[in-house]
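The two complexes that follow have chain A in common; it is paired with chain B in the first and with chain C in the second.
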Partner chain A sequence: MKILICVKQVPDMESRFKPDNAGVWFSDTDLAFRMNEYDEYAVEQAVQLREQLGDAADLTVLSIGPDRIVEALKKALAMGCDRAVHIQDPAAALKDPWQIAAIIAAFAKDKGFDLIFTGLQSQDRGSAQVGVTVAERLGFACTTTLVGFAFADGVITAKRELEGGVKGVVKLRTPALVTCQLGLNVPRYPTLPNIMKSKKKELVTIPVADLLHEEALAVTARFYPPAKKGGGIVLEGDVGDMAEKLIAILKEKTNVLR
Partner chain B sequence: MKALLICEYREGKLLDSSFELFGFAAQLGGETALLLVGAEAQLPAYGGPLYLADAAECGEYNPDLHKQLILQAVAKENPDYIVFVHSSYGWDLAPRVAARLKAAQVSEVIGLTDGGFEVGCCNAKMRRTVKPTTAQAVLTIQAGAFPAQQPGGTPQIQRLVAEGGNGMEFVGYEPAEAKDVDLTRAEVIVSAGRGVGKKENVPVIAALARALGGELGASRPVVDAGWVEHSHQVGTTGQTVSPKLYVACGISGAIQHLAGMKKADFIVAINKDKDAPIGEIADVLVVADVLQFVPALTAKVAR
Partner chain C sequence: MFLELTEEQKLIQETAREFARVELEPVAAQLDQEHDRGPLLANLKKLAELGFMGLNIREEFGGAEAGTIAFSLAMTEIARACASTAVTVSVNNMVCEVIQAVGTEEQKQAYIPRICSGEFAAGSFALTETGAGSDPSGMTTQAVADGDSYVLNGAKIFITSAPYAGVFVVWAVTDKEAPKGKGISCFLVEAGTKGLIIGKEEKKMGQHASATNEVLFDDCRIPKSALMGKLNDGFRTAVGELAGGRIGIGSLGLGIGLAAMDYATHYATERSQFGQRISNFQAIQWMIADGYTELEAARLLLLNAAFRKDSGRTFAKEASMAKLYATEAANRACYAALQMLGGYGYTQDFPVERYARDARITAIYEGTNEIQRVIISREILKNFG
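Moving on to the complex of A and B:
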């Protein structure tokens, strides 16, 4: 069974974001990057499936971006993927979801993948489009927002998370693509021996121009912080003083403290 | 300008969130048409064209078939925009429709700005203005971002039928887990977020909840990691609460969390990041390390 896992590298969300020179995305300087949280669940699920199927499964992890994203690929290899594909694109952040999906589909086409895992969305863009669009381009069965996954006799049983804690259960046949929601599993931390082993694994680099033949369908005109609503009180400084002040405010504004 | 609005129907009911599509369309201006895979017994009071397919025949979740129905309505109406709610139904279906039409998709729209659509990014910390370059565009709107509206009137029904589905079978629904804590009745909720660092620190937050006579709440990652039971989770996939006081400890303020607690009368956020989006709705933002501030506060409250 050939399995593809698509991952993205994103900045730490606790960072302070500053617009880039064009003012359409964030500037990379001073940011720390990590694997998109949703994609960690995708990698983990693929690795668990391999543990179930043994050597019958082969796991390729793919990511699009500048050289720094190799770190995310290395993490996926250390978690248990077999090989990695780096689609080299210093300008990946300026591409729209349609182009990103086109690149992935162009890579996956004719390679005989049975199953593709992606995250539900990225933490930085949050479009939740790429996975489904890849499936649509490849003609794969597809379902999203997985909080449960089982595979037996060529059939995937997926549990989708709906609003309010309700779940929808769906069965689908391969070839299929599923998008993974937070809480699907418990992503493992790579162990030192596995990190060492992963250094010997194959990492192929492909220039994006070899795969992309589509124009963007949407453009970002501006990237900016939300307008401050104001009104809220901000307390800073000594912990003891702030606690006193907060208690005084709660006594004045609420009736929960007497 | 014309918008085709895709209503949502689940477990035999037209979902209220569908009415937010009317609120959005009113801001957009122009004509509308509606599409619903649902039941004739439950149609919104709306005086325009309504494309109806029967959920009993087409299934409530059969995205490939729903896509084909939508494409039929698009062919008849030739709308400028095809609009969904950004929900487990909308984000699953919209990209399929967009891909078939080769139309731009803008996800989770929160507003209209200078010829484009405003969307959140970077976990709600930043915004983008996105402009489609295609004549037709698919949009999903953020739940709660636009007011629900009841347009009134009687729809002109046009029935749609389609067959097929792409190697997928819907088995059924699983109800939400039974709740052992009913947060909706609590007057005070003190919630732990990922900023508490580890499971061993949760009692620090629980102690403040006790001192204030309230309940312990939690954000999703804390629940996913198994630090706190799911019955304590606040947000779109947890409980929706409206206490007199909500204290968010180490919670960034993602939209899915805010949706569950923004109706609280008074909101206090404790966060080491002054720019965390929770600050936008907090009445008081305490810029501090939760593990230093919370014990100090608990000690003074308990005294």
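Moving on to the complex of A and C:
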């Protein structure tokens, strides 16, 4: 079974974001990067499937971006993927979901993948479009927002998270693509020996120009941080007064005190 | 000059940081106050399974072969969350490294994989005695050859991890007549050996979860094959291995110092007095500036010492410099952090008093900072006059 896992490297979400010089995305100078959280669920699920299927499974991890994203690929290799594909693109952050999906689909076409795992969305762009668009372009069955996954006799049973905590179960045959949500699994920490061994696994680099022949459909025009909010309500006066005021506010605006 | 970490080093740092945040940080205060070792031992096991006990150990013995820079990064991240866990990991790595450096093939196979895998929660490094602290060559514990065994008699003190160590690296006098330091040998003693007695545990100022015990040898008989390295050459081994350990202790200090500064700086941006955040006061700003500047210098000293060790150069002087500076910077950072929290810093409701207590010992163990200065100046003076 040939499995593809698509991962993205995103900034640590604790970072302070500043617009880049063109004002269309954030500046990546001085940011710390890590693997997109949802993609970690994707990698973990693929590795668990590999543990179920043994050597019958072959895991390729793919990422698009500048050279620094090799770190995310190596993490996936250290977690248990077999080989990595780096689609080299210093300007990946400026591409829209349509183009990113087109690149992945162009790579995956004719490679005989049975199953593709992606994250539900990226933590920085958050479009949630890439996975489904890849499935559409490849003609794969697709389901999203996975919180449960099982595979038996060629059939995937996917538990999906719907609004308000309601769950749904979907069955689909391969070839298929699924997008992974928080709660699907607890991603393993890569062990140190496996991190070191990731150096020895296959890592193929492909220039993005070899795969991309699509124009952007939705170009990001502007990136800006929200206006600074006021500092909330500041109570003043002596402690007794402030306590009175606080109780009044809590009664009026919340359910904490009745 | 290239000051970028490799991808592998970054991933190891990230793994250590995540593990520390998720698994160590939430239990650190409890470990400090309740002296309950359960969570410590459970976390040591998990850290071993991830490969943190043999960062600089060859793969064939279950190590990660990740090098000293990775070791330094990992120690710092672990210590940010829990210094007691960090010192145990540091000593375990040092014990594995001594065995890898001077052990026979059988000794390496017998013990290193068991520490690396977590089968042994720890290994102990038993050098110090009541009469031989800064001057370990003054030790009196003896090993006397008797047929195909050695018989150990004597007492060690301040031995980290002794109650849960699976194996002890023990130094003892094998030639009483030899000049100072020339008659000491190194042995491997398994926990449970008859005559190996774990004595009283010290009640310490900090690093509470890490046990520090007396270890006694009462006609403790070990096979001749327990000798590690050459007969009467053990002191040189101890001195050499402690230099590597110092990179670990300096990195540990750095982690505690960073934790303290991060906590206090965050606090300063929230605490108001005189109608404004205290971070608006220059007095506080200078504590922040000095604290982080010194810790950054410490980080670079540590990475330089680690880099020299990994590239096969001499590194004893640099390791001593890094240990000296990092642990003193860490202590200053902890006290500044405590000051920034005012009275709250002095209470156990906030972690800073624990950081200050935990950091204090880093200026003392694995060679007091006075001894580091002795080593550094000796190395420098060699080149003059």
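Heads up, the rule we're going with is that the second predicted complex is superposed on the first by the 229 of 258 C-alpha atoms of A that agree within 3 Å, B and C clash if a C-alpha of one lies under 4 Å from a C-alpha of the other, contacts with A are read in each partner's own complex, and residues count from 1 in each chain.
In the analysis below, a contact is a pair of C-beta atoms (placed from the backbone, for glycine too) under 8 Å apart; a residue touches a chain by one contact, two chains touch by 3 or more.
All of these numbers come straight from a predicted model, not from anything done at the bench.
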item: Contacts of A:254 with chain B and chain C, given as first, second, both or neither; value: first
item: Which superposed partner A:152 touches (first chain B, second chain C, both, neither); value: neither
item: Touched partner set for A:171, first chain B, second chain C, both or neither; value: first
item: First, second, both or neither for A:209, with chain B first and chain C second; value: neither
item: More chain A residues in contact [chain B versus chain C]; value: B
item: Which of chain B and chain C A:56 touches, first, second, both or neither; value: neither
item: Intersection of the chain A residues that touch chain B with those that touch chain C; value: none
item: Footprint of chain A on chain B - complex, ascending; value: 10-11, 61, 63, 86-88, 91-92, 94-96, 98-100, 102-108, 114, 116, 119-134, 137, 166-177, 187-188, 212-214, 220-221, 223-226, 230, 236-238, 244-245, 252, 265-266, 268, 273-277, 279-288, 292-293, 296-297, 299-301
item: Chain A residues touching chain B - in the complex, by the definition given at the top; value: 11, 13-14, 16-17, 24, 26, 96-98, 101, 120-121, 123-129, 132-133, 136-137, 139, 141-145, 157, 159-173, 176, 182-183, 186, 215-226, 228-229, 231-236, 239-240, 242-244, 246-247, 249-250, 253-257
item: Interface residues, chain A side, partner chain C - complex; value: 34, 70-71, 74-75, 78, 189-196, 198-199
item: Residue ranges of chain C in contact with chain A within the complex; value: 7-8, 10-12, 14-15, 18-19, 49-52, 55, 59, 63-66, 70
